[in-house]
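Here come two complexes built around chain A, the first alongside chain B, the second alongside chain C.
On to the complex of A and B.
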């Protein structure tokens, strides 16, 4: 173990959005911070769907839109419901989103994460890449005082070495080894219950084809969120435009996937072959295939956020917001990372890094901003969205109603929507009681 | 005696895409770094430096207490060195040095710091040459910095253009011997093994000074310690402007001595593809040679010694043995 005096006040594990934001906050406050990243550069190991909502950066990087490495600014948002033979799309477009401060943007993680980490470095953080934090180091009282890394220690000949600091911020993503090592996570099966698997292909197409297919010009981009496209597995799909590639993927509930006979790549292939999706992706050359877990449990599954000497942020803390029309993880990671950084600074300055006192302000900070406020408001959504009704019955019911509405059956006269809905509900075996209860959940969550 | 080693590194893109239609190469700017062969060059240099210093320390211990039984084992010369001539005489206190030299842009500094983190003692970057400078020009600039080293280790070929010619030009520029395409190095004796054309290999004993180029596969660069990585951040990278690279002091040339040259090993036979007119089954038969008349396998029952002689004789007939 290295004998040198602590060179850092704070160690941040993971240079994803949460980690770089945390390191940025600590470095800007003038404290010494190490940002450890297991990949050869920030973003090298990271995958996600593709849309980043940047307003969370307003406070820390003014006019971030002038420099953020994006692919396209989202001006078109589609929410699609699919059944094997039908599709219904709420397709919205706004030119307001085509100029500052913008709304969302597609970005590639190797570009975005490297950019944000460079901001943290410019503020004084020490970025150490190709380095895995394998465990936490504790003092005799059990307080976390550093991490063990997979870099050798020439002094002892050991294959690992320790780095010590007063606060460790775990930003190592979903299924955080650091939070687990610190005992902050629930059991594995409970964790799996609230986790989905995202599988994504990046398809290369000529830029003009993308613009023609998605009806875009210049740097405009499109974002489609889809439900009802994952065979017998609860989940969803997405389709995003980059500059000269498109990202197409599915998100699959882990227990459902385990119980299903279908493999993820088969479900993704089925999604791509759907008549409403196939024309968008036709002829695309696969340049990337990746898979990653997503913590989708929401507010009720968020683990303990602080231990003595330890804070947890971003996906490591299960803070990704997966609420149907919204799949937002990067902004929640940045928001929580900034709060964790600020809390660590405060705690170190006060000389108390215990969970009960010095670091207690972290949760309060998150409750006071969008991170936990949004999660709290939408706490019932994850369970509802992954339920059989939301996944299979309602998409069928909705598409059937719309199909009946638009089918002209002359000489039979047209039927009223209420009657059509009643017929479809019976056909898809939806019980009124469930419909009413789910409607109420939706109103309380989204209303 | 401590040795002064120089290692030449080039900044290359380690991931790139080639458009099959136009041949356009798109590099992944996140993948910039040394080629695997360059990393191997540094690893060999560090091993050689470690071995020279260990021999040095052992030599000094031996001189202080020649008969206390704690020194090197009998029969092992305490002054053996990877480079002939190094390691002899009174042991000074200074340690061997490994200087990594790169002709490249400022973007190469991060890569050079990785070399420092792994154990290189110094790094020098030669600035001001275009990316596509020809090998003789690159070698000339490198020579100005590495001149005076006991041993210069280069990667066999860079990942990008990879003509494998810089080490040879460098040896010519310095007027010293060369051993190219080295596969392994015995760091205590200074004997290297390298590939020759036609799958042959030869062993060479190196003189000094000498330029060698090594393959990327046989060794991997050691993992830098955390302390090394942190210290390297503050270590300076010397920058030399290309035009001002120093003139050389041409030393007397010591060529490597061939210790052993392996036998010719025939390459696998190339089979011409069977005619497309044939059915799949006929094509497979033609390729495998199944069901075709041939000289039948010879079954011999012999005593072990005779059997061995028979096998050796057959291998000789086939050209596997000289």
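On to the complex of A and C.
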């Protein structure tokens, strides 16, 4: 169909962590790759809770920690359970994480995403910003052979133009129009069941105030994950330290939010007003408000990852890990992007870019590393975490047991923990059958 | 829990909150709402769920919508249970929301 040869071997849609990692892998292998970004710069459309785990970069960018644009290195990690009047926090700290090779870091996405995209560019990728890929281009057999962009076509004067390549890698996020165009996504209502809305405020505070409030020195940072703080909507909250700002936000299950009378900013205000959270955020001046969807369905909701001439990675592939004690996404995006890039290179070199053969190695690569291995192991967790028991009953039960334990009722003698737990379970209407089943799920998932 | 007396940070109006966000508004709307479909809708999930509060019910039972301050998150079309009421796409390249501090 085309007279001139395609200018690119691979088109990557979206210059987030998945897309830039995919482009980096393709460019390093010596193939020609275009990296399309719909925003004016990488990261401009992106928002997240706030922590990046860089271990996935060890093999790709040695000593990445010397150059990655981070805010703070996480040394303090809190997991909190809140009820309207109580809070329980598992507050862990390790100075091991304060130095190389580090563990997690807070970073702002315009900084981090631009840094990773620049790595892809330095390896030879062509970054094209302010360009939306609106659809796939197919050949008569149905194989994806490119994308339609909203850039005018200089040859025909049309308002859109096609860009063709051997393989398209869709890294266009949670609303992936490319995966939808390829027929890989379920309907909207099914997708909503497995999607949460994150809303976040970035609040400016003096650097010294942040360090005093969170007990930090130098570039150390804190990360708090919270459950039981989202009114009648299943979800969670988070609180992260940047250098001279803090990120505070809530994550809300879409069906619960749709049925609620409470708006997102109202639920966030309630979280910020909780006695355990308010002192951390007091006086913070709002620098930026933001919102983004999160694909939380986990392993069982991951779409078909490959079509003929097409691979899907990152949030577009639903690869965010929302597993309670682990909340990770950027590392899963990078891991899947690298695997997609390597698979595309292999397929192009073999001359077969079909889903059944040339691109079949993608899923195998992901199953063999953390990306799908972690999701598979934790496949039962996302549904449990958004259940009424995990959201409302267990936080109340747990906090009540601890409150009873520490309430001195002289002259009445102390009661044993088992008895207190039994009383609290009855009060919060937890059924033993559910408790046993959820305990078994927890052992199978986290054990 | 959200009564004003318990707030210890500066109060921010919704307009001021949205004023912290940069929008490079495209002349072409990227979301189109079919007001006729909305007239028969009783759930109005978009009105509660849209984080930018872009969906406003009208007295005649319809919905007015403005696209200018959209986060492009996708919440509205995912929670909408009226087939075809919300046509959603991304704004043209380089336009729409631009995050700087997130």
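Simple rule for what comes next: the second predicted complex is superposed on the first by the 443 of 447 C-alpha atoms of A that agree within 3 Å, B and C clash if a C-alpha of one lies under 4 Å from a C-alpha of the other, contacts with A are read in each partner's own complex, and residues count from 1 in each chain.
Criterion: a contact is a pair of C-beta atoms (placed from the backbone, for glycine too) under 8 Å apart; a residue touches a chain by one contact, two chains touch by 3 or more.
The structure displayed is predicted, hence computed values, not measured ones.
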Based on the superposed arrangement around chain A, label chain B with chain C as either clash or fit. fit
What is the contact status of A:191 with respect to chain B (first) and chain C (second): first, second, both, or neither? second
Which holds for A:114: it touches chain B only (first), chain C only (second), both, or neither? first
Pick one for A:152: touches chain B only (first), chain C only (second), both, or neither. first
Using the superposition on chain A described above, determine whether A:398 touches chain B (first), chain C (second), both, or neither. neither
Quick one: is A:71 in contact with chain B, with chain C, with both, or with neither? Answer first, second, both or neither. neither
If you stack the two complexes on chain A, which partner ends up touching A:161: first (chain B), second (chain C), both, or neither? first
Given the touch rule stated above, what does A:44 touch, chain B (first), chain C (second), both, or neither? both
Report, please, how wide the angle is at the C-alpha centre of chain A between chain B and chain C, in steps of 10 degrees. 50
Just to be sure I read the superposition right, which of the two partners does A:269 touch: chain B = first, chain C = second, or both, or neither? second
Check whether chain B or chain C contacts more residues of chain A in the superposed model. C
Which holds for A:7: it touches chain B only (first), chain C only (second), both, or neither? first
Pick out the closest CA atoms of chain B and chain C after fitting on chain A and give their distance in Å. 8
Residues on chain A in contact with chain B in one complex and with chain C in the other? 40, 43-44, 110, 131, 149, 151
Complex contact set, residues of chain A against chain B: 2, 4, 7, 40-41, 43-44, 110, 114, 126, 128, 131, 149, 151-154, 161, 163
If you look only at chain C, which of its residues touch chain A in the complex? 1-2, 6-10, 12, 14, 16-18, 20-21, 24, 43, 45, 48-49, 51-53, 71-75, 77-81, 89-94, 96-102
Tell me, which parts of chain B touch chain A in their complex? 30-31, 222-230, 233
Which residues of chain A touch chain C in their complex? 38-40, 43-48, 84, 108-110, 129-132, 134, 149-151, 174-175, 177, 188-189, 191-192, 195, 197, 199-203, 245, 247, 254-255, 257-266, 269-270, 272-274, 278-279, 281-293
